[in-house]
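What follows is a single structure, and I will ask about it in a moment.
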Amino acid sequence: MRHIISFEDISPDEWARLYGLTLDIIARPGDYARSCAGRVMAALFYEPSTRTNFSFQAAMQRLGGGVIGFSDPSVTSASKGETMRDTMIMVSGYSDSIVMRHPCAGAAKAASLYSSCPVINAGDGGHFHPTQTLTDLAAITRLRGGLRGMSVGICGDLKYGRTVHSLITALARFEDVTLHLISPRQLACPKYLRVFMQQRKMRFYEVTNLEAALGSLDVLYMTRIQRERFDDPKEYDRLKGVYVLTARKLSLAKGDLLILHPLPRVDEINPDVDGDPRAKYFFQAETGMYARMALLLELTALPKLTPERDYTETGRLCRNPGCITFREDYLPFLEENGRCVYCDYSLKGD
Amino acid sequence: MRHIISFEDISPDEWARLYGLTLDIIARPGDYARSCAGRVMAALFYEPSTRTNFSFQAAMQRLGGGVIGFSDPSVTSASKGETMRDTMIMVSGYSDSIVMRHPCAGAAKAASLYSSCPVINAGDGGHFHPTQTLTDLAAITRLRGGLRGMSVGICGDLKYGRTVHSLITALARFEDVTLHLISPRQLACPKYLRVFMQQRKMRFYEVTNLEAALGSLDVLYMTRIQRERFDDPKEYDRLKGVYVLTARKLSLAKGDLLILHPLPRVDEINPDVDGDPRAKYFFQAETGMYARMALLLELTALPKLTPERDYTETGRLCRNPGCITFREDYLPFLEENGRCVYCDYSLKGD
Amino acid sequence: MRHIISFEDISPDEWARLYGLTLDIIARPGDYARSCAGRVMAALFYEPSTRTNFSFQAAMQRLGGGVIGFSDPSVTSASKGETMRDTMIMVSGYSDSIVMRHPCAGAAKAASLYSSCPVINAGDGGHFHPTQTLTDLAAITRLRGGLRGMSVGICGDLKYGRTVHSLITALARFEDVTLHLISPRQLACPKYLRVFMQQRKMRFYEVTNLEAALGSLDVLYMTRIQRERFDDPKEYDRLKGVYVLTARKLSLAKGDLLILHPLPRVDEINPDVDGDPRAKYFFQAETGMYARMALLLELTALPKLTPERDYTETGRLCRNPGCITFREDYLPFLEENGRCVYCDYSLKGD
């Protein structure tokens, strides 16, 4: 465990260790109040994200560590003329861990090529956001003791939602999980994920109706549906009510259901749900802070390493216009299993 | 003592304890350098205020604690689509205290309905700013040993100045205080305060001339007069010199006068006063930081509580367009003694 | 050692002590992780500088101290109406050290007149940037054991480059240093520096060709040449390649050359140099953070002092339009050896 670009960078054993550490921090926070004294986390937010940024900053400071960074995209103009490579070499010289959010897919991977300290991906375009998945699993485990045997409903935009893809992939690690994928047809799970679930022999059902699925769920993971995803706005208006959770609909659910949401919610969970003891999305956010404390505690203690920077380029350019290789043009073109190493875009097809 | 919305939220006993703690922190700062280790203060400035923000941030860090937050109103757009309620539940999950400034009256009160940690009002529109009053009383007490028997002049805009209203109310707690309220007639003390002073049997004089009052004062509290407060700008130009303190005018004052100002001053105190040993406004600002340390030390140690959120609404809408209920429309309409619980606006008359 | 306005404010003995402390911090960082607990550094950046700001903030936090401040020039408008004098009195009341960058020459000197804690100049217009020189000397000493007997090439804009002027002045302190000043004729070293080097009997050569000088150097200090410095842009295009360091040119250099750069580099050092073991500019930046830790450790421990503010004005106005006295018009006009005390501009000539 060094750079955390996707949740896959945390092995099952490491996850178990992190989760154990998370529980211990929650139980005895005073014992950890100086654990990172003298260490520094850099929070480089090339795109604003108050929530994720606050969570990481609070986490590092609860460990007694310091924080440098920027939270405002306009700051990037301040480093005008400098490549992200130089920024990363410099900042990693000052820091023990870099938390990074960037609008381009693959940005955190690119940063990791040059950083002498661990890079944590806090969102790279619509690509990965591994500490959200860490948060999700930690919250469920904390509330239920584990994932095994759970019936998990995931509702909303399953086509574009990055937190959802990462969560589905992560759930493959646990035994006997049943997935209920609840979305409009236009926003159903992408094919590669369906293939993935079949290969892993995961039990999953794709449905279009939240109310129909609700009664059988142990966990309901709500996400937002954005109007922009629909070609026809009328279609959005017609459908959106179906995917809104209300106190009334909740009467159909189990008494010990867990309702989760990556937040911020807009109107997909009605405020009349907040008072229900099954509403756990704020508990989930708080758990995320403790899970990030565990992660930072482990990563900022790692020795600094100078990256090798000796890459064999493939010569195949990535064709994804949202890929970081389009913005930072000195990056080596790297490929693995026919996919761009940065953004995972397939390099095979045309 | 939990949420500090107005200075009234600090009882006389709590004030005495806070002041004692303030003195001890000043005397032995090293003993407190780790008192808040592992704790986090959120500084949510929906309206910029470098001075108050710096004072709180320095205070928390001198206690060894951490700070998250934003200081830039544009950041609020980053949380676009999210209600203040959700922001407060989330941020209070990450923090041990929330310091909040907002352009709307009642914003801190509204935040306190949803926060699981103490909320400190650092200014809500033209309404309350309790830690300024804390600062003022601490500075006078530090310099004079107490307020009892003091002759206190308050000069400037007594109609709109929020720090002034809070100070006058707080002075009612002390015995034998004489008030000299010095202002142009247009900016005299509002009626409700005059009624308050009469009910409390406070001795007060309303005058329009600073020089005439100066000789009898133990404390002179200067505030700014803003040109915008006058219907006729010429009236402003004619009057403003009367309410400017200069070294020349100071010759009329007692040798042990205390000159205070909430800062920033613009030109209501001439710089030629700065060198006078009676000028205590910078001492006052510094004292404010120590008083805030005492407050944070007490509040961040309180256990987290989930607010009840079970309110009986009155149905009566607040008619003050500057009230937070206009911006955050899910807020319950609450009333106490015929006044809006958020902004204190009278709900009786029309 | 109190205010650090120019590198001259650090005596040779103090430099030796700071460097020894720097080495100790690098060797045993854990021993210093709480050295500044309870202390606060203010970082007042009236002009953005991510790099310098990060370096100072990381330094203070690695010592367990806190940071307040702003990094965005727009924040200055927040303190609109307040003089820099009042800001400095207030902020120094909250802080144990003020780090300040400002677009006007002499701004840090002006701040030091009013600050009750040490002021560190982090760049005042094109004037001084003493901690860059501290960084440069610390990096060379760390890599070579000292400066004595070194052949130092300085390449680029020697006319306007502030880091270069400060470095040349500082090198006069060391015995047997040979300078190779490499620049286009238009951007040669200013006359006053040439006079300075002659008075100090420094050995120096002025040349226009990097390749010709490269073979004899122990240290090569690269700086950027800005297009705007040339009257004729074509002249810039014709010349710029001469002052770009590439892997090919490096083949002419000694095997143990040190390549330094104040960063950010734009294209004056080709990225193909980065992999060369002689490339030490990132090592230099990291060393700068440790040197700043040593400086902050010493300065934040000094007792607070109220400045005297009793100045005898000369009556001679500074005529440098970039001088801070133009922006902050209450500043006393002060002169030393016929030069403006703030910006060093000669007051003699006409």
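To keep things simple, chains are lettered A, B and C as they appear, and every chain counts its residues starting from 1.
We take it that a residue touches a chain if its C-beta (ideal position, glycine included) is under 8 Å from a C-beta of that chain, and two chains touch if they have at least 3 such contacts.
As the structure is a prediction and not an experimental result, all values here were calculated from the model.
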- Message: Under the document's definition of touching, what chains do chain A and chain B have as common neighbours?
- Response: C
- Could the interface between the copies chain B and chain C be described as same, meaning over half of its residue numbers are common to both, or is it different? different
- Message: Centroid from C-alpha atoms only, then distance chain B to chain C, rounded to Å. What do you get?
- Response: 41
- Task: Could you list the positions in chain C whose residues touch two or more of the other chains?
- Result: 34, 64, 67, 72
- Note on the structure: The answer for chain A against chain B in the complex is residues 29-30, 32-34, 48-51, 54-55, 57-58, 60-64, 67, 71-72, 263-266, 271, 274-275, 282, 285-286, 289
- Task: Within their complex, state which residues of chain C touch chain B.
- Result: 34, 37-40, 42, 64-70, 72, 75, 78-79, 81-82, 85-86, 89-91, 93-95, 309, 330
